[in-house]
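In the two complexes below, subunit A is the common chain; its partner is subunit B in one and subunit C in the other.
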Partner chain A sequence: MDHRPQAWGRPRDDVYGAYDASYLQANGPNQHTQSPIVTGTSVVAMKFKDGVVMAADNLASYGSLARFTDVKRIRTFADTSIIGFGGDVSDMQYLDRHLTELGIDEAYQSEAGHTLNARNLHKYLSNLLYNRRSKFDPLWNHLLVAGLDEESRPFLAAADLLGTTFTSPSLATGFGGMLAQPIMRRYVPDEAAVAGVSRDQAVEVIRECMKVLFYRDARSLDSYSLAIVTKDGVELRENEKLEQQSWAFADRIKGYGTQTV
Partner chain B sequence: MFRNNYDNDSVTFSPQGRIFQVEYAAEAVKQGSVVVGLTSKTHAVLCAIKRNAEELSSYQKKLFAVDEHVGLAIAGLTSDARVLSNFMKQQCLSERLTYDRAMPLELLVSLIGDKAQLNTQHYGRRPYGVGLLVAGVDETGPHLFEFQPSGLTQEMLACAIGARSQMARTYLEKNLDQFAACGRDELIHHGLRALKETLVQDRELTLENTSVGVVGLKELGKKALEPFKVHDGPDVKDWINSVADEAEAETSAEGGEGEGEGGEGMQVDE
Partner chain C sequence: MAMFSQNPVLNGPNYSFAEVPKDAVDGLREHRFNPYTDNGGSTLAIAGADFAIMAGDTRLTSGYSINTRYAPKVFKIGGTTSSQDDANLLLSVVGYAADGEALQERLDAICKMYRYRHGKPMSVSACAKRLSTIMYQKRFFPYYVYAILGGLDEDGRGAVYSYDPVGSFEREQCRAGGAAASLIMPFLDNQVNFKNQYVPGTGVGHELKERERLPLPRNEVEVLVKDAFDSAVERHIEVGDGLQIMIITKDGIEEKVLPLKRD
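This part shows the complex of A and B:
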């Protein structure tokens, strides 16, 4: 028997010829993440008078390939907050596991039922992201965190892979920043306007944004998740479909692909 | 001659199942001057008697602010208390840094509880020779916790530790029902009265030897905080006077009508 562990489980040399072990040697330095691989596109969210609405489609792209069409990119935390993930999907899954653990630790730690609210969660995640970018090994995500703050007011904030934080009555990551944000800003241009927006209105605006994004963002999908967080908890619907699409404008678009006209 | 063989370290049980080193540490708490803590629905109050080592020296601090929303009172070895207090300050700051929130009291107290318990289970270490009352306000309202050198921690409605603290506890137990509904100054008043009970015959509450720490909610049901503040010297004058006036009124009432303690309707002329 061959007692060298590196030879175990390999094809037999006498049958298949000498094993090419060159790939086992690490040549060059270890590399940190240089770019995301499997990615999710935009996350959009806006506040309304009693809470926050958020949406993200269910697509995980591999480059320009629509590789996974059933990936849920919004998760809940402690039934009181929601987090939307844009960017790398494996880093999202890492954060998801991390947050599950955090949630369990928090729940056990305190009998009085202290839970991290959305503000606490956002602070924690932005610290985590900043810490990782400071190691030159960033988690390649752009997050939206929504929920209620300690005074039970709607809370919405973003944190990106550099640890940059941002807050606004409406927020969008990725392409949504260009395509959805102007639409949402028509309804909530500032913090004062939030009080005038009802839940149904906000949901309607978000659905509209998802439609525009599907029209114009080539890495998007018509199946999406929609989450509404209020003081009563989180309502997460993960299999929404875009309705009443109209592609009538499509044949008027010129200047792409192999068109000659 | 009798000699105790089971008190050389804190890891050895006596045949009766006792750990003498821990009990000695509890004894150090009883040597410290008395501190009283009590809570209402809106406030948590700490009151303490300070001692001076000699006539010409200053008085030893008994109350410490830990964070905006937490303070503590100590009975026992001050230097041990400072170690715990510094640790608690650090933990509170790190909670604000990582989560942007005020440290929940229950959590903070369990941290020092664990820290102290560790000392009772390692050879070559000694228990902290100090008892604490930790008062503060968090998301769930005002709280008071008692901490002992053994690592035991428990939430209390009202509590007193230190020399002759039994007298204060008796007062607190007798008046417990009233505390919940008390306002800020009423609660301080009860605290000082409990403190007064522990004094020996010819001692008085004075501006020099009395400390009062207050933390609370500005309004019941709202989040606005009245941050923990230690009041010393001139700040406690009015409170001390109100307790003294009452005592005077009681003694004169006793002399006049021989009614004694029966005069429950507290007559405070102000």
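This part shows the complex of A and C:
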């Protein structure tokens, strides 16, 4: 009988056969995140004349399983910026803790309060992601950062797990890049068009995008978070519901379940 | 007796699980993170008698998706401040955008330090060698970018230095880089270096005299750049949206952005 602590609580070899302990990482090389496990799907965002609107649903999937249905994927930073997370949820939670700490440190740094605007925050996060990819230990996320820049103009930029960064009047991660971006680009094809979009219009467009994503993205949910950032601060609503859905198109499409042929 | 069969004292060291866990249950399974990607786009640089022109499209892609229609690829390098008003060098980077940005920021920081320490801007030839060193330092985990450095040399002539991802470099009259390099470079060979151009009536076969190579005037070069990109846009899906052009002369750097097809 093996009485060593390593064997406690394990099925006995002589009764159940050799125990497969391959998942136990007692020693051996460190394992970096090689692929995401629990994931969040698209984040969508677009600029309007005095700020940015962003939305992401509240689902964290485990492969094709809708595992956690109340995970908030948009967080605020310093009440002046917002960050939307797509990709691995545990890496998101790591970044969330990291940003909370950064926010506290920054708040103590200067008497005038926060010094980091959305552009600074985006630079910080993209450098963090680029550093981690250079160590072959990536944070498996695609982020959207929104807020106002140093001249109080609307700011929206993306950063991904490879450290690639870009900005555009409208941005979307994951499936949103294919389904939501074409809709948003109709309203803000270029930077000049941003001045002609009102807050209500932008919110309307974002809600429409979330609906289209729910229709076609199998890893999405009808409950979502919506954030609006302007010079007056951040308005974050975390329990929005999709309204006025119409599945009328579905009965003409094979695979939606109503046809028998 | 079976229950004692695992006794380390009796049968030697055997336990209910392996001391060192195996990596995978079913044989070899390799899954590596790929730290690189290609963000498309194309760049182009031409040196003239008293100017250098650097151009790049402003599309940034990943796969078949357009991430943004305005992501500049040509940067001013070595100014005193972040506004780069007094910059004397131009750098274009194309390939993997994150590496491109990292390289651009590093070279800019180095040129700024040089200016601070020596009280004068870095010369284009010095910066060219320094850039090569920076890139070769990452020989075994390279910056995945095709870089082109432009400026004016000590005699005020246009200078263009082109690089491969590990830092091999060469001074040239012109160079195209990136996704549509293979489309643009032959056009440049013919139109800038006058390759396969002969003076009519100077003989037959090898007797034919090559057209004399002279630096092109600025207005002709600008048209050449626009034509090169218009053609590249037509045939390459990763090129388009906007054309960013920077022209460096003794009076400073001019920048303009022209529209390209957005399809």
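Rule of thumb we're sticking to: the second predicted complex is superposed on the first by the 226 of 261 C-alpha atoms of A that agree within 3 Å, B and C clash if a C-alpha of one lies under 4 Å from a C-alpha of the other, contacts with A are read in each partner's own complex, and residues count from 1 in each chain.
The rule is short, and it goes like this: a contact is a pair of C-beta atoms (placed from the backbone, for glycine too) under 8 Å apart; a residue touches a chain by one contact, two chains touch by 3 or more.
Just so it is clear, the model here is predicted, and its values are computed rather than measured.
Novice: In the superposed arrangement, does A:201 touch subunit B (first), subunit C (second), both or neither?
Specialist: neither
Novice: Have a look at where A:110 lands relative to subunit B and subunit C in the superposition and call it first, second, both or neither.
Specialist: In the superposition, A:110 touches subunit B alone.
Novice: Hey, is it subunit B or subunit C that touches more of subunit A?
Specialist: Counted on subunit A, the partner with more touching residues turns out to be C.
Novice: Once chain A of both complexes is superposed, is A:223 in touch with subunit B (first), subunit C (second), both, or neither?
Specialist: Touch status of A:223: no partner.
Novice: So, A:90: does it touch subunit B (first), subunit C (second), both, or neither?
Specialist: After superposition on chain A, A:90 lies in contact with neither partner.
Novice: Between subunit B and subunit C, whom does A:151 touch in the aligned arrangement: first, second, both, or neither?
Specialist: Once the two structures are laid over each other on A, A:151 reaches subunit B alone.
Novice: Taking the stated contact definition, name every residue in subunit A that is touched by subunit B in one complex and by subunit C in the other, in rising order.
Specialist: none
Novice: Under the definition above, what is the set of subunit C residues touching subunit A in their complex?
Specialist: Against subunit A, the touching part of subunit C is residues 2-8, 15-18, 20-25, 31-33, 35-37, 39, 60, 62, 65, 67-71, 96-98, 101-102, 141.
Novice: Inside the complex, what are the residues of subunit A that reach subunit C?
Specialist: 1-2, 4, 6-7, 10-14, 18-28, 32-35, 126, 130, 133-134, 136, 138, 158, 162-168, 171, 177-178, 181, 190-191
Novice: Considering only the defined contacts, which subunit B positions touch subunit A in the complex?
Specialist: Against subunit A, subunit B makes touches at 97-101, 104, 106-107, 138-140, 223.
Novice: Contact residues on subunit A for subunit B in the complex?
Specialist: Touching subunit B from subunit A are residues 109-114, 116-117, 119-120, 123-124, 127, 150-151.
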